[in-house]
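Consider the two complexes below, in which chain A is the common component and chain B and chain C are the respective partners.
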Partner chain A sequence: MSIIFNKVSYLYNQNTSLEQPGLQDVSFKLKTGSFTAVIGHTGSGKSTLLQHFNALLKPTSGSVEIAGFKIDAATSNKGLKPLRQQVGIVFQFPESQLFEETVEKDIAFGPQNFGLSEEEAHKRARLWLRRVGLSQDLATRSPFDLSGGQMRRVAIAGIMASEPAVLCLDEPAAGLDPQGHQQIMQLFKKYQAAGHTVVLITHDMDDAARYADDVLVMDHGQLVKHASPAEVFADPDWLHRHHLEQPATVAFSQALARAGMQFEHLPLTRSELVQAICQQVKGAGQ
Partner chain B sequence: MSFNLVEVNNLTFTYRDEKQPALEKVSFALPAGSWTAVVGPNGSGKSTLTRLLDGLLWPDSKHSEIKIAGERLTKQNVWSVRQQIGIVFQNPDNQFVGATVADDVAFGLENQNFPPEKMQERIEQALAAVKMQDYAGTEPSRLSGGQKQRVALAGITALRPKLLILDEATAMLDPQGRRDVIALIQQLRQDYQLTVLSVTHDADEAALADQVLVLSHGKVKATGTPADLFSQPDLIASLGLKPPFVMDLKQRLAAKGIEVPAEITEEQDLVNYLCQLSSTK
Partner chain C sequence: MSKLIIGRYIPGDGPVYRMDPRGKLLATFIFIAIVFLANNWQTYAIACGFCLLAVIATKLPLKTFLQGIRPLVWLILFTALLQLVFTTGGHVYWHWGIFSITSFGLVNSIFIFLRFLMVILISTVLTLTTMPLEIAAGMESLLKPLKYLHVPVEQIALVMAIALRFVPTLMDQTVKIMNAQRTRGVDFNEGGLIQRAKAFVPIIVPLFIESLNVALDLSIAMEARGYQDDKPRSRYRSLHWSHYDLYNLGFFVLLTVLLIIFREH
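Moving on, here comes the complex of A and B:
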């Protein structure tokens, strides 16, 4: 079952003086089990797009097909709980989704709300607390008495503990330390490998290049490209026109290529890059 | 650059009901006009430090001392000292007070008794500097994440503080936005003497600073220039940090037997060096 956006447009504050387009005529199809990165300049519509995945926002026109639901302007808010169970969203600002008295209760809320017993839900919560790299000592703390990166991890655990079929993430690594950043990205990759679909908004072009199968590029509410990372990141001028840039790895590889090195295909990750350089340098030395 | 705008001595702070201090015996100085990057793992005390500098939290004991422009920060002078400090918080939602973007910038200026006749010009200038002039009449709650961060930054830079504290103020900006902000801060430093303390997880951003302060478990684990610090791969790894791109690449290459001379620190130089190596060998 794929995810289909069919000519989705969204107007903020429709029919008021503040009316403003959030999305314009966006169409795409994502495969089940894929890992998609959504990139685009500030204000390009990424968060607006993501909120359409579980009907937090509903299209002003067009429709979204996801997890057996079809959502359009007429969809009622009733009966959306099963959709929210299958499609979880981690918001851009984690504080906006924390609310319980303690960290453990906050993470357990989702699983319990979707039918697990209190005991089972708390067991899940402790499991996910560990998986996002938080110490058990924090379980009884108020989620608001945490550092920014710790709050971010609680928010991620809170959504993943319900184990949604589609996991949507709005800049989940913003504010994580480098080690945490890598751990959490690997957690998402593992989650995908276990058969789930992952959609990741990111400003980190290296992450998009390294982890995604597919990239959606947004600009002024429009989808301007849907392609593989290799394709999206190959053309620096096109990226600049959309206020984006190449991952450091790709930019470096192209600089090497301009200076005379030849690559069979563009390295997307640092280890691929180093390997390619070694082949050139050592190959030439023989 | 001869005097220290900020001096911190023996700073220890414990949150209420906590056993472990969030900061322990932290000492450092910020030379006037310098840019210092504060790095360290999540929960290491970086934001706590910024709140103490702004007098939003108070140290555990009288043995801790924070001096701003030579004056010891106390509960008596905190209001006047704070006029010299601009702080951009980790979450911009904690920053907004105005009903519109322009009001929000105006609010800070009014608080500092900024001349009303010059207000409009200053607001426009500050918003234009972060490319948010078209949103002057918008409610802050109706902005995207990165737009909020830009406005928060405009609200603070408009005040021309002596000390600018940024707590991951570029974490939600797109790559160009991030570069714009860094350029803006460099520009402000050139235009008037601005001292910057910037909390960041981005090694490439920290690499631009004059000084890096590494916190871990509430303690200062290292201070030094970015070049010094990032050339110690074991230290960097043990602190859970990541070196900037060029350093990282050099270290990965060294692990595969390609030693790049230490004096090569710029991307273009590394490109040239590697190309030479592959063609001449």
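Moving on, here comes the complex of A and C:
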């Protein structure tokens, strides 16, 4: 059950004088259970792309196949609930979606809408409250009494509690402290390991290199590259032309390579980099 | 929501864009007042002609204006229809109970229709070519004489400018929150009236909180930059009269004179 975008184009304000292209002829295929990073500079169409995953926006032309649904310009706005149960989206600054009296009720809101009984939904809510790293004491508090970071986690739990097969995230870690950032990213990686598909929009190239196994690069509403992180991040000039940068590990290893060190393959994570350097140093010592 | 043209600014470079907002506001008010001077075919034709000239002077495609009128077309037709069936006098073409179509009614409903259309067109010309903040600045300038009556004109204008400034922000926020709640399984298109009304709670609460947060942030930002409500402020964009405004006001004075000459006395 892979995700297929087939020549998807989207026009904002279609047939008005304010018409503007959002996406142009975007085609790709994502494997079930993959972790895909979507990168591109501000205004490149990443968020527009994301809204096509659960038919919040419908393609002006082309079609999207996802979770057994096929969405094109003619798809009705009714009966999309089963799709949205399958495809969860955590928007940028999702804390603005909180509204319930208590944290637990807010997290249970989604699952209950998707047909879980009140009891089951609340059980899920407590489970996900723990999984996003919050104390159970918070369950009965008002979400508006929490700190910004805690609100973010509650909002993320509110989507993940529905346990969608495809989880889409728009800059979920923006503005979190470094520890919170890492915890929340680990949570998504674990969710993928449990067999779910994860799509992550990010400006953080280190995150893309570290967690993703597939990268989509957007520029001016077009998909300019779809490849593995190692391939995407290898060419600093190409990235620069698309207003992007290399992850710290890649930049560091390429600097070392210029100084004479040799790498068999591009180290994407810090541990890969450390391992590669250790091997070299050991080899030189012998 | 994004399809609404009324109250929206579209950048352009027609002569109307170079006019001072005060002049445009005055001209709009003058037009809305003098449109009532028209009372026969000649005067309506003259008023329509002037209105079309104003539309042409924006250099915007006619399509944009038609889109602006579209949401109001039913209201205009309904008003014209009421006028048509309830006006009595003149030759009777059709009669049923209290309804009748008469020659007076027919003429009157066409006049009402045209008057409505012209008022909407002229206000659309103003809002399409003038940024909301310019309109607020223009209002402030025009209301200045009220200061002598101890009306806090500057504060009122500031409140207006802030309200106008945050309309698009709140619109965007509304769309964003609706999308987030749709993703959580809220369906705005299904269910009975009560269910649909209930579906709006998850939008209203976050929107309310967001507005309060925006207001708090704004007040802090204003204080940080030394805003005090009883001190006079300079402005970034000062208003200047130019020869374009002379044409603008001259145009409407000419229209007024023509309407007075040709109207039925």
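Odds and ends about this structure:
The rule we apply is simple: the second predicted complex is superposed on the first by the 285 of 286 C-alpha atoms of A that agree within 3 Å, B and C clash if a C-alpha of one lies under 4 Å from a C-alpha of the other, contacts with A are read in each partner's own complex, and residues count from 1 in each chain.
We take it that contacts are C-beta pairs under 8 Å (C-beta built on N, C-alpha and C of every residue); 3 or more make two chains touch, one makes a residue touch a chain.
Quantities reported herein were computed from a predicted structural model and do not represent experimental measurements.
Taken together through their common chain A, the two structures put chain B and chain C in a clash. By the touch criterion defined above, A:Phe109 lies against chain C but remains apart from chain B after alignment on the C-alpha atoms of chain A. Contact with chain B, but none with chain C, is seen for A:Phe252 once the two complexes are overlaid on the shared chain. Judged by the touch definition given at the top, the superposed model places A:Phe144 against chain C, while chain B stays out of reach. Once chain A of one complex is fitted onto chain A of the other, the partner contacts of A:Ile89 are limited to chain C, with no touch recorded for chain B. Between chain B and chain C, more residues of chain A are touched by B. In the superposition on chain A, A:Ser271 contacts chain B only, with no contact to chain C. Touch criterion met: A:Val281 reaches chain B, while chain C stays clear of it.
The contact surfaces that chain B and chain C form on chain A in the two complexes overlap at residues 12, 18, 96. Residues of chain A that touch chain B in their complex: 12, 18, 40-43, 46-47, 92-93, 95-96, 145-150, 153, 170-171, 174-181, 203, 205, 243-245, 248, 252, 255-256, 259-261, 270-271, 273-274, 277-278, 280-285. Of all the residues in chain A, the ones that touch chain C in their complex are 12-13, 16-18, 51, 54, 56, 77-78, 80-81, 84-85, 88-89, 91, 94, 96-99, 109-110, 113-114, 144, 158-159, 162. By the touch rule above, chain C contacts chain A in their complex via residues 2-3, 5, 10, 60-61, 63-64, 67, 173, 176-177, 179-187, 189-190, 201-202, 205-206, 209-210. In the complex of the two chains, the chain B residues touching chain A come out as 15, 40-43, 46-47, 90-91, 93, 142-147, 150, 167-168, 171-178, 201, 203-204, 240-242, 245, 248-249, 252-253, 256-258, 267-268, 271-272, 274-275, 277-281.
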